[in-house]
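Labels run A, B, C and D following the written order; every chain starts at residue 1.
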Amino acid sequence: MKAAGFGVLLLALVTLPPLAEPYMLHVAIVVLMNVVYAEALYVIMRMGYLSFGHAGYIAVGAYTSALLATKLDVSVWLGFLAGGAVAALLAWLLGAITLKLRGIYFSLSVFAFAEVVNAVFRAFDFFGGPAGIAGVPRPMFFGTRLNTHLGFYYVVLAAAVFSLVFLYRLAATRFGFTLLALRTRDTEGLAESVGIDAARYKTLAFVASCFFCGLMGAIHGHYLRFVSPFVFTFFFSTDLVIFNMVGGLGSFWGPLAGSVLLTTLGEQLFAAGYYKSLVYAVVLLVVILALPGGLIQVPRLREVWAARRLRWARQPVATTER
Amino acid sequence: MTAILEIRGITKQFGGLSALAGVDFTVGEGELVGLVGPNGAGKSTLFNIIAGAFPPTAGAVLLKGRDITRLASHDRARHGIARTFQQVTLFGELTARDNVLQGLHRHVASRFLAGLVGTPGYRGEQRELVARAERVLDLLGIGEHRDELVSEQPLGIQKLLTVAVALATEPTVLLLDEPGAGLSHEESTRMMDLVATVIRRRCTIVLVEHNMRIVSRYCDRAIVLHFGQKIYDGEPAGLTADRRVVDAYLGVAELA
Amino acid sequence: MTGSRRFLVPFAVVALSVILGLPPSAHAQKPVKMGAIVPVSGPAAAFGLGVQRGMEFAAEDVGVFTVAGEKYKVEVVTYDTVYDPGKTVAAMNRAVYNDGVKYGVIIGAGVHPPILPIIRETGFLDLAFAAAGRQITNGENPTVFRIMASSDQLYQTHLQPIIERLNVKRVATLGPNDELGKNDAKVVKTQVEAMKAKGVQFVAEEYYERGAKDFGPALLRLIAHKPDFIETDGSPTGSIALIAKQARELGFTGYFLNSTAVLEAKAISDIAGKAGDNIIALRIWAKAPTQLYAQLADRHQKKYGEAAPGTMWEAYAATKWVVDVIQKTGTFDTKKVADALAQSTYPEHPFGPASWGGEKTYGAKRQIILPIPAAILKDGKWEPFDVRTGKFD
Amino acid sequence: MEVYLPLLAQGLAIGVLTGILYVLVALGLTLIYGILHIVNFAHGEIYMLGAMAVLYLHVVAGLALVPTLVVIVALALLLGLCIERGIFRVLRGQWLQLVVASVGVSLVIQSIGWIAFGIQEKSVPSYLPGIVDLFGIRLPRERLLAAGVAVVLVAALYWLVYRTRVGLAMRAIEEDEETARMLGVNANRVASLSVALGFVLAAVAGAFVAPIYSLNPGMGLEPILMSFLIIIVGGLGSITGTVLAGLLVGVLQSVGAILFGSEAAYGLVFVVMIAVLVVRPAGLLGRV
């Protein structure tokens, strides 16, 4: 039944777009990109790591590919992979240092890294400075440049399906199961004692997370045909966290639901100004308070509420996770 | 009897404080050794050093004659050392079966890519691991809890589960840190009976315990630590007759 | 079956979103949608609100008009860009592809690069409210008109006369650390260096993070070069006021120059007190240049209870001007309208007679030419300083 | 440019004065972290509300400064209690949810602030205008006042934590919650109180920083990010660490700007933070 559902969905995603308005395609592209970002972030969130700096890796991917295409005339397709690879490499280097840290220490060090990345892109003319890089080309496909929404939609779809299948398998298989053992400092010690190389697993997970952010970031840059330090900001990182929390961290489908819902909701609030951020924030708070496991728990509402009742009373005042 | 675990001159200093001062002993294959001592004697520190949680200031740990002092704790687990923690530590958000499955980590042969693709070999191995995890639970008589979240279990079951997770690694040497602590008399007895029967048939055991009665009843040999030094190594029966041991424990209720 | 039920949630969500996302039903009248593709939230919101309100006033004043025998009415639709390039692309997609908007005012030099391809592909007529220069109006973008003075134009027209009149010798710049700040610093530098013979020097440049409130370190470094004139580029009200205050605290006694259209004298003097004096603001009218200008200012004050943001008048004029040209050419085809617009002049601009120029500098006659004022802050009030309509080919 | 001594001295002075402002803002964050182990992202918005309260009560409504401060303290206490009861307590034990919920609270207050207070930049006239010239180093009086307030608050916090029964309870909870509870310390009350006091510190910081800078509903973001860096560098939960790190960051920014330019100084602060975390993961004075 699951497989059939997937088949129908995929078929719809492949066959319907030629009938869709360009605007719907734009929304679809943005939704697909956000879904991949959110799922990539989910890889580390399910091992208890919160990042307020994933936009930094998305930016690295976008800049890598944009620079390769505009300065060296490298094929855009290769640029996509290079974007992911460079982001992954940086994640590996930074991960070696910061993954030892847990909790808010990690969150804020990744945030600081993203700020440094942003400052570097702004400071050097080589990276286009604060003006960013305009004229980032779309890829060529059998002699045509994919300047239409439709053409580029299929690029994004292909990349998203590839990324999501990979990320899904990552979460669903032994590897993802092992990551669950690393959720807190205590369980990490236990995991080590049964032979799990925690540092290696955490690094791999972080690298994978950032690879897909970089890959999609590269595609993002070519979609906008522009990269700038002002696109991938702290708020971008925060949005990805919100997608995850609203959807729920309990399963792979949580971040997916969260990003689809909030992205399309955001599109509806295009003229709402500050009411838009208010709606986002209220949705976030209501979900966290009423459904700590996210929207994904809606089908199990009654159970969740029953379990939730006296939850805090048993907890110590200090919420330690370091 | 071949020595399986050798502790050679282990010294550990925290800042200026000396927690262990040149402790030596060996554990033979199949032995059940009790490590005894009053609070702060250095039992847990020694345990942590053997398991690789932190390095000693000086000295060496040998497993089957191989120096493992410099190995990280996950590497030691792969070489056959498993442990439980004094504070109950489990993967709280997972079921009992999944906890034991994590313990089976070192027996996973499939490569990352095989898992990603989901090859038949990988699936078969997963099924086999699940069955194996359930066998470990059954062995300790807690099979009926396999689908329940461990964080929701009573302490007695949780304690047994910590042993199950460690046992799942199929260790050569199992380090048990006060398995009976905090349990009722019946629970504690059930635990120790299991340790002395089904568990010790599978591995060599070092047991930290400060209840001497338990040590006398179940262990082959007792080692007593006092202020970081070994003051006794021999038959449990000789414990109460040893002057130094009695002095160390003087006034401590457990001896009674 | 919790597994499959959980699996259904995302699909329910998608379905719901699609239903919510259905385009609104068509109006009974024939509306011509004009987009205010501007920030109405975030740090640049004041600019956006000015444009939005100016366009709405224009729509009211234009009323019903006839093109090729059919009656039309301007409908202003606002798309919040938050001054973020990514969100501007989203806004543009919605406006152009979903709502069929073909005309509009778009704010921001920084948000233009990613939407220029969309403008070129669809022929959207962009009344750009963006500083900087050639990157935006050029031969490749025939449907992009800049409806405010460009940076080049502004400084070419005013900077040298101001420097001479105030007898300033050492010029420094302190701008936001973005494309605008850096670009404008370059323009200022060029202008100042051309005055070497008269003993004028460009002594230092510094930048700050947009939204920063403490300029102490940057100012310290700047003031060490002993400038007597600090150009502060497009720093908004809050920033220029704090810059003035903190510079005076460090002992700076010279002049400031600012080129933002949205500067409130009262807000500046509230924040900076006496320290705000001697800020010279380009594009600020201390005295209403025309009756229409004064009327619009009153109208805004009455309707919104606050002084009009400086962007209101130009957006008002541009909207009316375009409708005028549409009526005259008798078509909504943006390419044809653009060609006709470039050749037209507009005497009724609230700032004074307006026309288009910039052919030589930018390669396209798409830069508005109109009187540019300068005002100086004295005792918390703007006083007229200068008005110039520079030549700009 | 030659860097001569008076310039460096002035730079140092500016750095120290700015650093003290950072300390003022970060203090409440440290207090809340010490007890609840959460970083409260809504802290910057409480700071903003403190500044806005001064504007509307003191400047617009004409209430004298001292009663205004009393009202602000009362309101901050109330808000702190409500948020602790309504949100932090409900989510106890769920680290991720707590942090993100505080982000949500911050967004809610900020959005409502923009809608209610409008986008116009606002200001509060100086409580103490003028400049003190100390051997050629120029020190604005209002900053000296804010620095004075910061010093008083740090001292008061020390007194509270180390000299009172409440402080004893706080330290007991920090040290070993389980034992403290068994000894009869009401942990819930201590938690409520520290959140409320943290909010008071934020609001008072806002009230005294208000005349130095200009006001808008987004004014909390920059100081809050800076405060995070400071409490991380100083060691989460350590008051002394916060003071040290605040001064360090302030001086680093201003002297860094003089030596390398203000853009480089901005990046420098983040690089230093990562470096500190690598060498001392718990921060300068933190315990893990």
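Rule of thumb we're sticking to: a contact is a pair of C-beta atoms (placed from the backbone, for glycine too) under 8 Å apart; a residue touches a chain by one contact, two chains touch by 3 or more.
The model shown is predicted, which means the values in this text are computed figures rather than measured ones.
Chemist: Figure out the least number of contact steps between chain A and chain C, where 1 means they touch directly.
Modeler: Contact-graph shortest path, chain A to chain C, evaluates to 1.
Chemist: Please identify each chain that touches chain C as well as chain D.
Modeler: Chains touching both chain C and chain D: A.
Chemist: Comparing A-D against A-B, which pair counts more contacting C-beta pairs?
Modeler: When A-D is set beside A-B, the one with more contacts is A-D.
Chemist: What is the chain whose Cα centroid lies farthest from the Cα centroid of chain C?
Modeler: When every chain centre is compared against chain C, the largest gap points to B.
Chemist: Please work out the Cα centroid separation of chain B and chain C, and write it as a whole number of Å.
Modeler: Once rounded, the distance between the two centres reads 71 Å.
Chemist: Chain B to chain D: how many Å between their CA centres?
Modeler: 47
Chemist: Chain A to chain B: how many Å between their CA centres?
Modeler: 41
Chemist: Let me have the rounded angstrom distance from the C-alpha centre of chain A over to the C-alpha centre of chain D, please.
Modeler: A distance of 31 Å separates the two centres.
Chemist: So which stretches of chain A touch two or more other chains?
Modeler: Within chain A, residues 122, 273-274, 277 contact more than one other chain.
Chemist: Counting only residues that touch at least 2 other chains, which ones in chain D make the list?
Modeler: Residue numbers touching two or more other chains: 114, 263, 266.
Chemist: Give me the residue numbers in chain B that touch at least two other chains, ranges are fine.
Modeler: Not one residue of chain B touches more than one other chain, so the list is empty.
Chemist: Quick one: which bits of chain A touch chain B in the complex? Just the residue numbers, please.
Modeler: Where chain A meets chain B, its residues are 166, 169-170, 173-175, 177-178, 180-181, 183, 186-187, 189-198.
Chemist: How about chain C: which of its residues touch chain A in the complex?
Modeler: Interface residues on chain C, with respect to chain A: 2-11, 13-14, 16-18, 20-21, 40-41, 45, 77-80, 84-86, 89-91, 93-94, 96-98, 110, 113-114, 116-117, 121, 135, 177-179, 181-183.
Chemist: Please output the residues of chain B touching chain A within their complex, sorted ascending.
Modeler: Going through chain B, the ones touching chain A are 51-53, 72-75, 77-78, 82-83, 85, 87, 89-94, 98, 101-103, 105-106, 108, 110, 112, 115-118, 122, 126, 165-166, 168-169.
Chemist: Please give the residue numbers of chain C that touch chain D in the complex, ascending.
Modeler: Contact set of chain C toward chain D: 41, 43, 45-46, 49, 177, 204, 206-209, 211-214, 216-218, 220-221, 224-225, 236-238, 241-242, 249-251, 264, 267, 270-271, 273, 306.
Chemist: State the interface residues of chain A toward chain D in the complex, per the touch definition above.
Modeler: 45, 48, 50, 97-98, 100-101, 103-105, 107-109, 111-113, 115-116, 119-120, 122-123, 234, 238, 241-242, 245, 249, 273-275, 277-278, 280-282, 284-285, 288-289, 292, 311-312, 314-322
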